């Protein structure tokens, strides 16, 4: 029982990440009709916002100690982050909270990245065939990740969660089960809540603002909205920016779970497409539902009891589910007819 | 390539193609690509892309799982070597047939959907195959290490014909000619030419026309009395057989089959080759395959030493600057160049490299015709068709 | 034409069946008693085949740095590094056999096909007599097979699977790095000392050949101590988030978690295991322990503070205080500004060992070089007295057991050496792992 | 003899009754027009003939064979061709290719792996295709891409695509909608020529000029029901029809 509850938590946590990435991707599909293979790269850029913030915060004052030598004969460097040198404990706290702090930085940065990307490149590909959209965004993804690699190297870079969120939370006790049975890392619970928050924010933005209404109308029927004299293109630029922010935030918050490296975007790319398609092209609720569904199913498939029956099921479960769903429901869980079927 | 070609033009194209291919060891030496392994790869991936183009270029169905057929072809060929004979012909037949069978299964399932749903189905099925090949199916695939030959393999046909390879590991040979090095390349080249010829026949045939009709308007096709499914399935299986053949050739020139050949990145590579060269054109995918393989093998090998030599003619400080700038794009940075190339090509040449060639050709034609003062009308046939939205 | 691709013996046999005519042109071009890529000018070419893209790109870059350093030292440039401490004095700093060493590089992408393509380019186009490098066992075995067929020597880089010098060993291939069998043998006593005999282990294993092999050896040696193995769960390569495999450990009753992961899988699974509180947990009245059988300092950096107190084994570490290690760290550090990784160390040694063997043999002919390497005993390369065993072309030397350092002084200082397990304890009979070396192939 | 007979066909969309007990007999070799106000169910009815929709109840017999349950391509292979309201053509192919494809479909059936012989070698097919393009006045444009045609030309092309199949029954959904008066007259002439060759036609049309120039029999559909069926002269005077057309000022 405890094991099952734990796997549900794992699934929700994983699903939160899947849903956030897929949400941005499907917004771009739905509104702009663009197949964005650079979406994984946006997730990766978000994660590297955290890396950059941490290294900026941790910018070190280097003092050479001539009395001690390194193994290769140069004086030992004594490094203290400036921020600690200047602000003392507050500085240490800032470093400790670098991941949450990164969120504040990542929002404007990712928005800007998204806007530049849309204005500079994606815009010119609205009317182009999907194959060309794939090629150009894939090219962009490679370029972005190579730039990151040349700056930060290929190795994963650890991004610890703040000390306060490093511990475990006795989730079982909170919901009235026996204490100690279901304990779960605080940061992962935070990630799950955070993903709900972002999903909620995106939905209410689209649901309750006039801007959102226009965008939703644009998703449903772009030409008509254009005929109404609304400058839909400009709004779509913002929409792309928002999608980039959502992907970026997913990336920032994920860094304590997965040490970021330049290649992580590609690893999530295929998965996020599967999530979006299982959810149904252009359906925002579909993307969210599919994200959590696949997360939970993947968690359960990894249980020893399940693997004992079908060896290797955890390797293929995501794809198996995708195939089954697409065969049973032609347009995914909540897809609309005619979107991306050509 | 215009569609309304005469038989003479087709033969000229085939002969030109064959001559260039057979002379490739000499033609490509100046650019550093004239060595057997890369030449073999050009031919093998050329075949792979040719086949993929029959599906994607003609019908517009974008498969993201074609590497699975390549991988299956390789495994089939290596198993044929192990169990029956080192003769490449037998191995290729088996590889093609198995590739075809596998694509019947995947195609039958995937083609129930179209558009991106089709793409994701192929991707999912291929990734499942890859993950299984890497782990659970290790008894058949030898997992990460890859399926290799062993001295102790039964090779029952070879044994029956009294063939003994002694204490060394056998390599595949066609009646005594070993399939590595240049003989291997010429073997691949001959098959490549045959595949090109077949592909050309398909392009010009009623069947090829129906496949283009699939891409253009499936509704009209149905109301015209044509059953779309068998056409798409046939195209899928033909391209799967091409992929199986290419996989078989990989095993023939180098008897090892690894699971990574089936990964989605490998499927993506053939998509990129085809679009880069020009989907739906006869030659484009071949050129695209060549460009990508060239980058992978030659650009990645440039290190600072090579660059320093290359810019040796410059004064020292300029040389240093050039070396440090260009080293971002070669050696370990070759991916960057490839990514940038994808972007540049698709931004400026939507129809891929073939559109570039066609533009140059019509530009030359215009310059030649300037005296007649007749403004050149854009030739509708030469236009690269924009796929339907 | 393909001077190196036809093995003479195979050719004679096959032509006997097929008739002589067809293959004749290729015979004519091959020189009578030559071998593949026999250097004729004033230089000899080495091929450095390392991952430059993908997850192991940094490890590959470090290998390349070490190779460049080795080439400098062999050619008599720089401070000589470990040449000065190396027990064999055959190399005199004027290249090898009077020829200056030059090198070519290539990208393995950590994929067998790409690695073979790259190695073939070096052999067919650039005329390399020796290929070395790599950062995974699948790649090493693939390239080793290729080098055997082509008739050049392969000096394996970072490859830890038993198969490289076991089931898939080849006469033309040599490995300096240790393997999973030695890791298990070396870790066993330390685990006993630290954690006692009464432990219940839970394995998470990367689901491919290296992972299985590592799991097998740890199981074997820990069960000899009296440990129980509660479960051994296979995880997909590159799973990213391992939470679904870690939570079942929490209430399983196991008190040791063995992570048979390498590279990014190791970084992620270890980070997450610590996140789930396993390092600080108490089970069965004992402190829960995590073991990472194969450590890499570069990767440990990726896991950050999560490695603190975690045990594992490694081939070499820059903090070693023997003369060879000190010379190498000094030489490398002066040139690049940071200490070398174990990948850099093993590849540097391999380049030096090849050059030395060729010098002693007086030829680059694979069979000649191989004979000089077989049974060669040496010292001064950072691992103490070492032997290239003739039976399987595997180096036997002491193995380091390390643990994540509690108070690192710099970002490179993440591991501390706990124990140097002597060679005698990790040695095993060559027949244990099976496989056949077969004859040398000189190619051409 | 009736070539197409429709009996008691019903079709509901949700709660909406689109077709209500429709009965229709089309005589072989005649031009039969279906008229009615917008939303009367004309296109729905046509869709039931070609397999795009399946009626809830009722029968559709063509040449004595039921069309229900057949796929669109099977229906076409029995000899039914259709021109759509918005032209369904192969946009990125040449006009000649557009007409060649249905000609091949007629000859080779719904699927044939005819992958070796070049299209250019199919002389007979080409001649037939050229002839049909000439019939609709598009012979000169045979090498242009279909998407470059005007809307009227696209309709004519689609008509040629149907004609080349030598259909037993030709269904036309508003063949002159959006055409200029001159174009409309040309189309009427063309259709009359086709009719003279003995092709049975069912035409949906708003333009009464077209209807009365061509039709030998007219069915009037309103709210999913056939309210009248007769020769044109009598339809003109039918009170129910006038009623259905809101006073029918333009009749």
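Here the chain labels run A, B, C and D in written order, and each chain numbers its own residues starting at 1.
Criterion: a contact is a pair of C-beta atoms (placed from the backbone, for glycine too) under 8 Å apart; a residue touches a chain by one contact, two chains touch by 3 or more.
Because the structure is a prediction, the values reported are computed rather than measured.
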item: Chain-contact steps, minimal, separating chain D from chain C; value: 2
item: Per-chain CA centroid nearest to the all-protein CA mean; value: B
item: Most remote chain, CA-based centroid, reference being chain A; value: D
item: Among all chain pairs, the one with the most C-beta contacts; value: B-C
item: Separation of chain A from chain B, taking each centre as the mean of its C-alpha atoms, in whole Å; value: 34
item: Centroid distance [mean C-alpha coordinates] between chain C and chain A, Å; value: 35
item: Distance between the centres, which are taken as Cα means, of chain D and chain B, whole angstrom; value: 45
item: Multi-chain contact sites of chain C, meaning residues that touch two or more partners; value: 57, 61, 207, 234, 236
item: Residue numbers of chain B (touch at least two other chains); value: 131, 134-135, 335, 386-388
item: Sequence positions of chain D contacting 2 or more other chains; value: none
item: Interchain contacts, given as pairs of chains that touch; value: A-B, A-C, B-C, B-D
item: Chain A partner contacts - residues on chain C that touch it in the complex; value: 54-58, 61, 207, 231, 233-236, 238, 240-241, 243-245, 247-248, 250-251, 264, 267-268, 271-272, 275-277, 298-299, 301-306, 318-319, 326, 329-334, 337, 339, 409-410
item: Partner chain D, residues of chain B touching it in the complex; value: 3-7, 10, 201-202, 204-210, 212-213, 215-217, 219-228, 230-231, 234, 380-381, 383, 385-388
item: Contact set on chain A toward chain B in their complex; value: 35, 121, 124, 127-132, 134-136, 138-143, 145-147, 150, 266, 270, 273-274, 277, 281, 311-312, 315-316, 318-320, 322-323, 326-327, 330-332, 340-342
item: Contact footprint of chain B on chain D as seen in their complex; value: 50-51, 71-73, 76-77, 81-82, 84, 88-94, 97, 100-102, 104-106, 108-120, 122, 143-145, 148, 161, 165
item: Residue numbers on chain A that touch chain C, as the complex places them; value: 2-3, 6-7, 9-11, 13-14, 17, 70-74, 76-77, 79, 149, 153-158, 160-161, 166-168, 181, 183-185, 187-188, 256-259, 261, 263-264, 267-268, 298-299, 302-304, 307, 312, 314-315
